[in-house]
Each structure stands twice: as structure tokens, then as C-alpha cells.
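The two complexes that follow have chain A in common; it is paired with chain B in the first and with chain C in the second.
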Partner chain A sequence: MNNPQIEIQLIAAVVAIACAIPGVFLVLRKMALISDAISHAILPGIVIGFFITQDLNSPILILLAALTGVITVVLVEIIQKTKLVKEDTAIGLVFPALFSIGVILIAKNANDVHLDVDAVLLGELAFAPFDRLLISGMDMGPKSLWVMGVILIMTLALLVMFFKELKVSTFDTGLSSALGFSPIILHYGLMSVSSITVVGAFDAVGAILVVALMIAPAATAYLLTSDLKKMLGLSIGIGVFAAIAGYWLAHILDTSISGSMTTVLGLVFLLVYLFAPSKGLLSVLYRQKQQRIEVSLITFLLHLTNHSEENERHINHLNEHINWQKVRSKNVLNLALKNNMITIENKVVSLTNKGQEFTDLAIEYIITNRDENIEHMKDDFFLFRG
Partner chain B sequence: MSIGEYFNLLWTDYTLRTITLGTAVLGAICGMLGSFAVLRKQSLLGDAISHAALPGIAIAFLITGAKDSNILMLGALVSGLIGTFWIRGMITKTHLKTDTALGLILSLFFGFGMMLLTYIQKQPNANQAGLDKYLFGQAATLVESDVKVMIIVTGICLFVLLLFWKEFKILLFDADYTKTLGFNTRFIDILITFFIVLAIVLGLQTVGVVLMSALLLAPAAAARQWTNSLGLMVILAAIFGAFSGVLGTAISASQNNLSTGPVIVLVASVFVFVSFIFSPGRGLLFREIRFRKNRKDLQLKKTLQFMYGIVKTHDNISHPHAIRILNNFHGFTRGSLRKLEEKHWITLEGQQWALTNEGFKEAEDLYNQQSNNE
Partner chain C sequence: MEEPKLAISVDDLTVAYNYKPVLWDIDLAVPEGVLMAIVGPNGAGKSTLIKAILGIIKPIAGSVAIYDKPYEKQRKLVAYVPQKGSVDWDFPTTAVDVVMMGTYGSLGWIKRPGQKEKKAALEALEKVGMLSFKNRQISQLSGGQQQRVFLARALVQNASIYFMDEPFQGVDATTEIAIINILKELRKAGKTVVVVHHDLQTVPEYFDWVTFLNVKKIATGPVKDIFNDDNLTKTYGINYKVAVNK
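Let's look at the complex of A and B:
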């Protein structure tokens, strides 16, 4: 591993961390698509800033472009307030228009601007180490590392200072304004930080992939935990992992670094989406199946208590009467048998004492319709779950 | 080539005619289906799908090695549909919200697609150049067969739209009611989503994945401002879409190195902007005018009401009073008094005013809501 390689990975990791932190709050506040809007809409700001400064890493350009990002948010909110269109349409109308202006500006001034459309979409991480920061002739490392480092430190400082406020206003806007934290200031603060981060990261990873770096780690972490601090930590971890793994994937396949980073993020998300312990697809499907059969079991037990006649309790009759498919009836019967809730004699089903007790409790639960969970009752009675 | 020349050449030049017809048809189908997307609050679904189509294009190229636009579109369709259904799965099965799901699919698929594109670019295969036109679109690459496909798809789409018009409409406005009526809402839902994906995929070659969603949204959002009827909205959106397509293509063809996508999007945005401001029913301009007029009206009526308060204790309602006594009511001016006189509610004579019978009645009925506002 040579020096530029380390530097690229370092830049990628710093970008990933800087993006992951605002990303968590955007995802939790259901504003994930704002990052998409900002990342597109800053393009004209960047192009105009580039005309003025001629340097993609100049602080003026970053501020100018970040301002465009905040303006986008304001513009979206203005359009929403007119009530002429819905919120999502407002977002969808604003950013393509601004992005188009940016693309046209680049196309019309292609000779003066060293920006091309590919760079806009993909960034040029591979070239980042060649643009060095020189202070009185001393090589201080790649410029973009400094830019992103400053942004990251700023974000971290703001996060630590306003963690409590952000947390309250994210989960309970009403409470936070009652406590005296202005949700509007926090909202625009978060928007400004996101804009600045997007602009800083833009150079490294491009307009659309910055969205991936913001949303994907946060969404992945959200599937794994419900604790804000853990979620922040996890998204940072996932971001850094994707940055480094993505770099090596790009190295092996000889492809764009940011594209590979996103691909790694996608794979990580896919794995978590499928296999996350309690919120992943498989465990959700499993739980739904379990609940379906357990509800059936309760229905079946209720039916048994309601009928003492033998013919109503005959296995074949049950099949016709409750109108279940064969397999489902069989599953329910097996589950009830396994849990010692019924006995079957001569194909006539009867409740055991335990089954009777459980049914009584279940009836009481259904009648009183208390808000508490039926789960603990199931835990008390079930030896085997559905 | 100037825009004027472009439209002159349109009647003689075969290529230009093909391209213009293509973008017009594309704009029309996008406007039509976009109306549904906008009304179903799925505006940004289009954005996600169009980005999600990119890996499909790249994979289709990697497998076949040919740049046949139909095969590439098929790849885009498949990957767009996968994206759509994954978004649905995420929203229904996990606690991730719509916006997160859309943003995820959009960025992850697009990133993967970009990775594949850069991979393809590095391949020693001379055929690969031009795949990146799918990013921002290049109408100039449309050929007759592409346009034919577009027209056929638009025809099918129109047919299905008319066939299921009632179902689409009722699902749009009251999904629960539709279900209780016994319609298969899932099927209708999937059908309309499928057509939206199809429209997006059709437009990729012309407008590009990055900006395709705007072509879907903008004409519909503009049309929405002019009417409250779904049928009219769909027709208007189709017309706006077609015009954006044609004008955008004309402008981009008349300039050097301008991609079609951004120009079409900007033209469509102008349509939206104009509609937002100038539409008579909902537009901001007329809303403001109505607002001002109402405010003035209210001011006049307040003055009238104050006069009524003074007059009603008198036997003769038309007994003249000095204007001076209105002074502790601040909301009147010379002008507003003259307006009142024009309406024959009061008569003015020198420094004195008197309520007319008409004005007395008007003031009396003011809170009864019985008087007709002219």
C-alpha cells in the first residue's frame, strides 16, 4: 500500500463519517430525500462558485454552494406553503430544475470550467491526493482531506454540543418547543450542516453517491438498533467499512471508487435488510407466520370452549366448520397438542385443564381489550411457539 | 442552427422529424402517467425508479454486448421494477419510512450502475461508447424504431388507461372504498405502477436517468393547477409534456453540446412556474388579487356597519351626519366613502353622509349571510 492509497482511504473514511452523522438525523426525521434534493441543487452554486474562485476546494465555493443547498430547502418549503402541490412534488420540482441549470452552465462553459458531468455524478476520489495543500511551500497533505476534516470536526462539535436538543426535537417536536428549543433553528441548523457536508463530499464522491453515504449507513443501522447513540456509532462504522472495502473493490475491478463504495453499502444493507435480528425481512416474515398460526390457535380453542357436543369437536368437522385448509388445521392441531392444550380421543378433540385456563384468559383479554400485550400470556403457556 | 431554422427544417428533414415526434410522444405519455404519480403522492417514486434503471442498462449491455436500445430498455425495465418492489417491500415489512426507502434505492442502485458503467468503460470493447448518454439523455440518438416503440407503448398505455379508467380513478381518490366495492386494488395498483415504470424507462434515452423524474412530475404539477377534473388534468398534462419535449429538443438541438434532458426539464419547469402564478383558479397571482379584493370589500363593509350602528337609533335612516363623527372609526378614507357611494349604499353631500335604504338593508343583512355578494 503506497502513500496515495492510504490517503484516498483516509479521505473516503472521513467523508463517510461526516456524511453518516447528519444522515442519521435525516433518516429519523423522515427527511432523507432532502439530502437528495440538496445534493442535486448545489450544482449551480458549485459552478458559479467555481467561476469566481477557480478552485474546487476553496472555502468560499463551499459556503456559496452550501447556501444554494439551504436556498433549495427554503424554496421547497415556500412551494409547499402555497399548497399548490404536495410536499414530495415540491421537492421533485425544485431540484431537477436547479440541477439542469447547473448542467447547462457546465456545458456552455466547458472550456473555462474544469468540471465535467461525470465528475459531478461520480466525484474524482482517485485524483484527490494530487491536489495538495501547500502552506509556505510545505506539503500538508491533500486539500480535500483538510476540507473534509474541518467539516467533520465542525459536525462532531455541533453534535456533541446539541446532542440533547437534536434528540428531543427529532423524536418529539412538541416537547422540544415546549422546552424552549426552537425546532426551526434546529431544522435549519441541520439543513446547513447537511448542505456543507454534501458540498464538501461532492468533490470526493459526486452528487448522487453522497446521498448513498448519508442514507444507507443510517438506514442500515436503524434496522439493527433503536438506540440513537448506538445508531450513530453503527452508521459511522458501516460508513467507514464501506469506504475502505469499496476502495479495494474498486482497486480489484478497476472501477470508480465511489461507485464501488456505494455497491458495498448496498450489499451491507441487503444483508442487514434480510437478516437483521428483529427488524429484518426474514424475522418479520417469520414473526408474521408465527402470529398467524397463534391467532388461529386461539380461535380454535375458543371454538372448542363454545361447543361441548361431540360432533362439533370432531376433527373432520373442524376442518369444514372453521373453513381452514388442511395444512393449516394440521399445524394448529399439532401446536395445540404440543402445548398440552388439547387431547384427541377417537378423533374428538377436548380441551385439557391448561387449555381451558389459557382460553379463559384469552377470552378475558379479548373482552376487556386491555392495551397490554398478549405476548406475556403466550410466554406463560406455550412450551413451543407457532 | 437557430430555433426558427429548426422548425423550418422540421417539415423537410427526416431525422429532425423523427426526433421531434419521439420527444412529443414521450412528453405526452409522461404527462399522462405523471398525473397519476403526482395525485398518488408518488412523485419521488419516479426519481427513484429512473435512477434504479441504470444498473439494468449496464447489465443488459454486459450480457448482450450490443447497444440495441430495446434490449437496454428491457434491462432498465427489469431493474426499475426490482427497485419499485423492493421499495414497497421495505415500506410494508420494515419500519423504514417511504423517504428512506426511496433514497436508498435511488442512491444504491445508481451507485452500482455507475460502478458497472466505469467497469464497462475500461473494457477493451469499441462498442461501449455512448452508454453514458443514458445519464443525461440525447434526443439526437433517437431513430425511427425507437419512436415506433414509443408510439406502440403509448397506444397500449392509452388503451389500458381508458379500459381501467374508472378503477384507476376510484383507487386514486378512495382506496378503501375501492376495496370494499370488491375491486382487486393490488392488481390495479401494480398495473398503474408498472405503466409509470414503463414511461420512465421509455424516456431514459431522451432525458436520462438523472432528470427523468422531472419530466414525469412537472407537466402533471402544471396541469393540476388549471383543473380539478382528472380527465382534463391527464389531457392537459399530456399536452404540456409534449410541448416541453418538442421545445426542449428544439432548443438543445439549436445549441452546441447541450444535453436534451436538462433543457426539457427547464422548459417543463417554466410551464410549472407559469401555471403556479397565472392559473385562474389556484394560481398565486389571482389568489392574491382575490385576497386583496376581499380585504377591500371587508373594509367597506366594516365602514358600512359602523355607519349602521350610528344610524339605527335614528327614526329617519337617511338623516345626514357629519363625516367627522366617523373619526373614531379608523378604517375609512375619502376613497372608500366614494366607493360606498358608487354602490348606492350612502349619499355624500359636502362634509355630510347619509345612509340610503339600500345601504341600511345591506348592513342589516351583513351578519345574516343573506345578501348576495356581487
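Let's look at the complex of A and C:
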């Protein structure tokens, strides 16, 4: 690996981490769409900032553009408060308007400005190492690494300081407000950080893909854990993985780095969506199938408690009288045997004490919906997990 | 005999959403140490009244005092249990973590909860009979268990006044009894408890104080004095004696 390659991966990783952190809270607050709005609406801020500073990495430009992002949020809320349109409509009205102002500004001044719409939308990570930070002639590395590094440190510091405030205001706005942690301050704090991050990152990955870097890692992590801290850690890990893997994918395919990063993010999400241990699609389908078998099991056990006659307890009777397919009967019998709930002698099924006890508790739970007595059954049976 | 102190006093409180009043000129004086139900039909402004007292909603007129001072100065004396349905139970967190949120108020900004707060949270979970569920993800709890977690979160605040928004909504009978027993214990300990309540049948059994509300305040006082057909009819706009018996 040569120096620019390392630098590009480093920038990509820093951008990914800086995006993943606010992304977690945006996803949990069901505000994923607002990051899309911010990322587009900052365009006029960037253009105007560029007219003033002539430097895409200038802090003034970043703050100016971030302000446009916050203004977007305010405008969306104002429109929404009129109750004439819903939130998604308000978002759909605001950001194209601001974005188009940016597009017109660029087009009108295309001759004087080294800024084109393509670069804004897609970014170009490959060029990032060319823009160096020089301090009295000394090369301090790529400017965008410094910009994103500072943004990341700021984000991390705010996260550590206000973690509990962010958590409580995200989970329970009412309590947060009653405890004196103003949800409005926290909301706009998060919006400001998100805006600054988007502005800082857009140069590298573009206004469209920055949304993926914010939302996809958080959405993926959400399927993998039920702990907020772990969700943050996983989001960061997934973001960094996608950044590095995306870089090498682009290298091999000789294509856009940001496009490849997003593709990797999409693939990671797809894999997790399918295979996540408890929230994944396959696991949900498996659980539903198991629940069907468990319902059958209880039906069968109840049948056994109600009938002591041998002919009612014969294995073949299950197919004939309870009207089940062979496969299901077999599944149910196996499950009951595995749990020592029944014994089978000469093809006649008998309930064991354990089976009797299980049936009584299960029926009691189904009738009363009280789960104090069935806690021990929750580990082995999906049906009792509510 | 000494007059009991006023825990909550509300003066001329008016709250409006988009210029439509939902609470109109409410005066309310709640003495210390009562267990009070707020009753009224849907849309009567019961939850809004609590939220306005707690500063969650800004009133357009009037004022609120908690032990003679504005709420902002008395936050630590007050615990709040919002409606269970007002939060997303799929939020990635555990029962004990939710209870710990009750300690955030006394910690203030930036300071993080430590062992002391954890211990208090576990004790509160034990009080509501939920200790064995401490590490359970909150979406894996039943409705009644979620409500108990919310109650534990209020208990951990160790407040003087407890506001609870429909704590019996969607809970099983055991949880309802467990909750009301805890509320009665709180009253015994001299705390003031204000509950938005729906089930009129249980008002005389559970509460000793009641406020009838329907945008305007209809009546407030001891249950034995004012919980009668006259006030019920005024509040619900129908002949309540007939309705209750049906």
C-alpha cells in the first residue's frame, strides 16, 4: 500500500465513524429521512460558503452549510406544525427547494467556481489526498482527514458527555422534559452535529451516500443487539468495515470508492437482515414455524389429558382424528418425546408427570395471560415469550 | 388542627392546541398526602393537565406551584410516569436501564450513573416484583411488566409527589393490584400521588381524593364527599347512574 491509499482508507474510516454515531440516534428517533433532507439542503450553504472562502475545507464554510442543515429541520417543523401536511410531505417540500437553490447557484457561477453538481452529489474520495494541509510549508496530511478528524473528536466528546441525556430523550421525551433535560436542546444538538458531520463528509462521499453511511450501519446494528452501547459500537464497526472493504472493492473493480462503500453497506445489511440471530428474517420464520408446532403440541397434550381411552391415544389416531398431516404429527411427537412429556408403548401415547404439569401451566397461562409460573418454559418454547 | 400543606396548586391554568383550549381556567389545590384520581371523558385534558403541571406543555395562561415554588425549582420532588404507549418499547435497552433513567434527574447534566444508582434501580425493581427480569430487553416484557418497570423508574426518584398517566391501561389484574398497593404505601409514607384514571368503578376503592375534569374543572375534593352521580353526570354529560348500572 502506498501513502495515498492509506490516507484514503483512513479518511473513509473516520467519515464512517463520524456518520455512524449520530446515525444511531437518528434511526432510533425514526428520523432517518431527515438526514437525507439535511444532506441535500446543505448545498446552498456549501455554495455560498465556497463563494466566500474559496476553500471546501474551510471551517466557515462547514458552519455555514451546517446552519442550512439546521434551518432545514426548523422549516420542516414549522410546516408540519401547521398540521396542513404530514412530516414526510414537509420534508419532501423543504429539501428540494433548498437543494435547487444550490443547483442554480452552481450553474449560474459555473465558470468561476470549481464546484460541480456531480462532485457534490457523489464526492470523490480518490482526490482527497491531493488537498494537503500545509502549516508554514510543512505537509500535515490531507485536509479532509483533519476536518473529519476534528468533527469526529467533537462528536465523540459530545456523545460521552451527553450519552445519558440523549438516551433518555430518545426513549422517553416526556420524562426527559420532566427531569429537566430539554428535549428541544438535545434535538437541535443532535441536528447540529448531524449537519456538521454531513457537511464535513460530503466532500469525501457526496450528499447522497453520506445518508447511507449514517443510516445503514445503525439499521444493521439495530437488528443485531438490544443494547444501546453495543448498537453504537456495532454501527461504528460496520461503518469502518464497509469503508475499508469498499475501498478495496473499488480498487479491484476500478470504480467509485463511495459507491463501493455503500454497496458493501447494503450487502452487510442484507446479510444481517436475513441471518441476524433473533431479529433476522430466517430466525423470525423459524420461530413462527416452531410456534405452530408448539401450538400443536399443546393441543395434543390437552387431548391426552382429556382422553384416557387407549384408542384415543394411539399414534395413528393423531392423523385420523386430530386431522394432522403425517409430518406435523411426527414433529409434535418428537418435540414431546424430546422434552420427556410423553412415553410411547405399543404405539399408545401416555402423558408423563412432566407432560401433565407442562399442560396445566400452559393452559393456565393461555387462560389467565399471567406469566409468573411459566418463566422457566420461556427458554425452550417460543410460544411463551409473549 | 393544622391545615395540611398544599403539595400542588394550579392557578387559572389554560392550555390550548392551535388556539383550541383543551384546559380552561383550571384552579386546583391538592393537599399533601392524598392519593388522587383525575377522571373525565376522553379528550377532557387529563394527560394535558399533568403535562402542563410538569412543564412538558407550555400553558397560554396561569401558573403552577409545587410546594409553593415553580416546578422548575422543584423537579427533584416530583416523579412522572408517562403513558406506557408514549414510548417505543423496541428501544435497545433493558429493564434495569430504564429504571436507572429515574436517577438521571438527581444526577443532573453530564454526570453519569454509577454503582449507587444501579443499586437503587435494583431495589426499585424488587419493590415492584421485577428483579428477576432486570436484564430482560424491554420489548420482551408483557404490558403489565412494562408498566411495573415504569413504576419502578418513578420509585427510584424517591420523590414527594408522583404523577402517573393511566398506569392501569392494558395491565392484568395482578399488576393492577400490585400497583395500587404500592401507591397506597406511598400515601402511607406521606407522599402525594396523582393518577389519571379511567375505571370509575374502582375510584372509591383505590383513591381518597378525586378531581373531575372535562376541559374545565368540575369538582375536586375527598372521594367520600364529592364522588357522586351529580358530579359524574356533570363531567360525562350523561346520566351516570344509569350508565354505571348497565
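As a convention for this text, the second predicted complex is superposed on the first by the 301 of 386 C-alpha atoms of A that agree within 3 Å, B and C clash if a C-alpha of one lies under 4 Å from a C-alpha of the other, contacts with A are read in each partner's own complex, and residues count from 1 in each chain.
The rule we apply is simple: a residue touches a chain if its C-beta (ideal position, glycine included) is under 8 Å from a C-beta of that chain, and two chains touch if they have at least 3 such contacts.
Nothing here was measured: the structure is a model prediction, and the numbers come from that model.
Trainee: Under the superposition described at the top, does placing chain B and chain C together on chain A give a clash or a fit?
Mentor: Here chain B and chain C can both sit on chain A without a clash.
Trainee: Looking only at chain A, is it chain B or chain C that touches more of its residues?
Mentor: B
Trainee: Applying the document's definition of touch, where does A:175 land relative to chain B and chain C: first, second, both, or neither?
Mentor: The second partner, chain C, only.
Trainee: Which partner does A:89 contact after superposing on A: first (chain B), second (chain C), both, neither?
Mentor: A:89: touches chain B, not chain C.
Trainee: Is A:222 in contact with chain B, with chain C, with both, or with neither (first, second, both, neither)?
Mentor: It touches chain B and chain C both.
Trainee: Now for A:163: first (chain B), second (chain C), both, or neither, which partner does it touch?
Mentor: In the superposition, A:163 touches chain C alone.
Trainee: Scan A:261 for contacts with chain B and chain C and give back first, second, both or neither.
Mentor: The first partner, chain B, only.
Trainee: Give one of first, second, both or neither to describe whether A:136 is in contact with chain B, with chain C, with both, or with none.
Mentor: In the superposition, A:136 contacts neither chain B nor chain C.
Trainee: In whole Å, what is the nearest CA distance you get between chain B and chain C after the fit?
Mentor: 7
Trainee: Show which residues of chain A both chain B and chain C reach, each in its own complex.
Mentor: Common to the two interfaces on chain A: residues 30, 222.
Trainee: Could you please specify the touching residues of chain A with respect to chain B in the complex?
Mentor: Those in contact with chain B are residues 27, 30-33, 35-36, 40, 79, 82, 84-86, 88-89, 91-93, 96-97, 99-101, 103-104, 107-108, 110, 117-118, 121-122, 208-209, 211-212, 214-216, 218-219, 222-223, 250, 253-256, 258-263, 265-266, 269, 273, 279-281, 284-285.
Trainee: Can you list the chain A residues touching chain C in their complex?
Mentor: 28, 30, 83, 161-165, 167-168, 170-175, 177-181, 222, 225-228, 230-231, 368-372, 375, 385-386
Trainee: Residue numbers of chain C touching chain A in their complex, please.
Mentor: 18, 51, 54-56, 72, 75, 78, 80, 82, 86-88, 91-94, 98, 101, 104-105, 107-110, 112-113, 132, 137, 139-142, 153, 172, 174
Trainee: Under the definition above, what is the set of chain B residues touching chain A in their complex?
Mentor: 38, 41-44, 46-47, 51, 89-90, 93-100, 102-104, 106-119, 122, 132, 135-136, 210-211, 213-214, 217-218, 221, 224-225, 255, 257-259, 261-263, 265-266, 269, 272, 276, 282, 284
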